[in-house]
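Only one structure is covered here, and it is reproduced in the block below.
Going by the order they are written in, the chains are A, B, C and D; count residues from 1 in each one.
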Amino acid sequence: MDKQQKRNMIARRVAREFKDGDVVNLGIGMPTLVANFIDGDKKVILQSENGFLGVGPAPEPGQEDPDVVNAGGQPVSILTGGACFDSATSFGIIRGGHVDATVLGALEVDEEGNLANWMIPGKLVPGMGGAMDLVVGAQKVIIATEHCNKKGEPKILRKCKLPLTATKEVDLIVTELAVIEVTLSGLLLREVAEDSSIAEVQEKTEAELIIPDDVGVLK
Amino acid sequence: MKKILSPKEAAKKVKNGMSVMVGGFMVVGSPNTLIDALVEEGTNDLTLIVNDTGFPDSGVGKLVAADQLKKVIVSHIGTNKITGEKMNNKEIEVELVPQGTLAEQIRAGGAGLGGVLTPTGVGTVVQEGKRVINVDGQDYILATPLRADVALLKAHKADLAGNLVFRRSARNFNPLMATAADLVIVEVEEILEIGEIDPDEVVTPGIFVDYLVKKGGAA
Amino acid sequence: MKKILSPKEAAKKVKNGMSVMVGGFMVVGSPNTLIDALVEEGTNDLTLIVNDTGFPDSGVGKLVAADQLKKVIVSHIGTNKITGEKMNNKEIEVELVPQGTLAEQIRAGGAGLGGVLTPTGVGTVVQEGKRVINVDGQDYILATPLRADVALLKAHKADLAGNLVFRRSARNFNPLMATAADLVIVEVEEILEIGEIDPDEVVTPGIFVDYLVKKGGAA
Amino acid sequence: MDKQQKRNMIARRVAREFKDGDVVNLGIGMPTLVANFIDGDKKVILQSENGFLGVGPAPEPGQEDPDVVNAGGQPVSILTGGACFDSATSFGIIRGGHVDATVLGALEVDEEGNLANWMIPGKLVPGMGGAMDLVVGAQKVIIATEHCNKKGEPKILRKCKLPLTATKEVDLIVTELAVIEVTLSGLLLREVAEDSSIAEVQEKTEAELIIPDDVGVLK
């Protein structure tokens, strides 16, 4: 699988987590891809933290509206039935638990549900933007990430080493190898990719996984 | 009847060493005519309160590039590498604040609150140096109010009473900042007669606005 | 698409013992059709969160007169002498809150804040039993968030996505309460198709609304 | 002077305190009268805490708009250039110092600028409504009151005995006998009514007045 195939696979699986009527905020980068895979039968309302509900697809080239961008600054559209608001209202929606799910990337995530995805000491710090509010506020926090980092090292750890984005807020981790649920007892392996194995997933995960009898297949 | 200033007259209201709030999210909803005039004026030693520092060659990024800033209070600088470089060289002090907390701090500054308690950032480096207050068993960070000497804002339309309406995601921080600065200058696409904006459609009441400037107006 | 309920169906969503927010200021912006249905239903032991208790024979005053309330959290009961009588007879517990504090407590409940610091009431009986927090040499009262099981609201128009617009001084507490209750039922003058309210004109986004009821609708 | 003449005299004098462009909130009762005496050359914007700016005169009988009432519940109008908002925004305007002056009645006011105007122990307590926020938030707090209570006892005291509305916030007291400024040194007599005398004012005032050389004439 090349990088793009992995990303699409992760995005497709994440999209299946949403229920009809859910309000969802998709983080910048890979999480944005998730929008492409949401089942058309489900009415999922996308929130953009820069100030609106009802994010629609990117317009045709030349049709961009300079006042309509997503939180990554990319041109998008606003669907009918959408609504615009200021930043305090936007983060009131997020912090107040009115977003059912958020999807974010990770540098590290650990068995307590801690997440580190905003800074690497010694490197240029871009700032947390809205990520800290999203992780604390959304009802369900889904991490969409490749299973290992560029060096091939596990990103799913016993304890995050990098500065945290939030503590104990992650609910689900979706990678190209597995779907892992964060529970009070630890990380529960829910699904393993068809071309992988429980052994491979555990090998590439620093934290010890809880392996139930009914591990599903991640497709 | 609000007074309409030229961009140059408006920029002259900003003095060396002042704190300045500037609306916008990645240059959407950013008062670019006012920023250009402020760059022209060369006013420096400014403390900027803003969501992000735009791009190297647009939005408030121009103030960064022109060395007009002493400090930035901001949620994200990742789209402007010059900010990061100047931060690392200690030419600019950068205070990173979660976006939702920044919005509430500005709102609190405008609404006469002594602060708000937010769960965002608890257990992270954001908590360092802040007061943590426990309410019903949960820890919150006390986010104190932010105010500025001047706010430079962008609205879609104003009437001559100063009432403002915004368009799409260009609203973002603008209505909040209108409440939290001693002097509020607003760049608009269009200036209407009093009565052309219905009271129910006003987003920012005219009492918050001191001066209007036409976008792209002659210096 | 939001479900439209009859007033009777809506009233049945309110159960004995629930906390209920009701919009309105001296019966302006009050959901009178819903209140009448709730009186008809006879639901009791309710805790009401409301600006004022209306008049003896209108608005939430009808719930007072019909002995359906256990407690009222309110800024003013002076227009309804029955509330005062029942308070003195200990038939209703009345908790008086300054109006601006009540508004912020409801907003905090909806926005996921642990509370706000307000200067209002410092040095008065309102301070009794509250935490006082000093910021920069000034004392503030910590006003903690308020939420309710149900909000019964009144808007001018809704679209079928649940987006709301309000009219004149009938807006008051309605948009705040829409954010702070588990179940939100809104009485409206008119229900429009999706797309008939421009995203920039929406005051309360549809994600906050669970059910719509036509004003004066058949039971 | 009969009661109505006294009230008009007080209201007329209070109205002279406003400057062009002031935002003013007039309390319920006698303060509402002040609107009748505001000089037409001055643009004074009236705020109504139930949610709008630009309070206009009462409409002709039969022309009332049920959604447009003042904070006392009386039908009024909204002038062109006005703006409507929710209760949190309304009290943000008030608490945030965006109201230049408020005019309120008093049960008692004292030489420290403390005000008691919301409850009498043992009597039915109507609630503070928005009064506590107004007294704390407005830049200038003007008390419009008859000099003595119904029993002929002074209302202007050394120290308030009734439960306070706010501490040390009153700036000016206007009665049918005098205009008194609250200063850090105590109560400064500014003006005495034509048909009264310094001696009479002092006799009817419990607190000791500071008498400058240039006491003006209250007309």
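The working rule: contacts are C-beta pairs under 8 Å (C-beta built on N, C-alpha and C of every residue); 3 or more make two chains touch, one makes a residue touch a chain.
Keep in mind that this is a model prediction, so the values were computed, not measured.
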Partner chains that chain A and chain B have in common
C
Contact-pair count is greater, between C-D and A-C, for C-D
Measure off the straight-line distance from the CA centroid of chain B to the CA centroid of chain C, and report it in whole Å.
33
Chain A to chain C, mean C-alpha position gap in Å, rounds to 35
Separation of chain A from chain D, taking each centre as the mean of its C-alpha atoms, in whole Å:
55
Chain centre separation (chain C, chain D; CA means) in Å:
29
Of all residues in chain C, the ones touching two or more other chains:
104, 107, 111-113, 118-119, 166-168, 171, 199-200
Chain D residues counted as touching two or more neighbouring chains
52, 78, 84-85, 88, 91-92, 94-95, 136-137
Which two-chain combinations qualify as touching?
A-B, A-C, B-C, B-D, C-D
Which of the residues in chain D come into contact with chain C in the complex?
48-52, 65-69, 71, 73, 78, 84-88, 90-92, 94-95, 124-133, 136-137, 163-167
Chain A partner contacts - residues on chain B that touch it in the complex:
25-29, 51-52, 74-79, 81, 84, 87-88, 96, 98-104, 106-107, 118-126, 156, 166-176, 203
For the chain A and chain C complex, residues of the former touching the latter
23, 45, 52-54, 78, 80-85, 88, 91-98, 136-137
Seen from chain B, its contact residues with chain D in the complex are 107, 109-113, 159-161, 163, 179, 194-195, 199-200, 202, 205-208
Complex interface listing, chain B residues touching chain C
104, 108, 111-119, 133, 135-136, 138, 140, 142, 144, 165-168, 171, 199-201
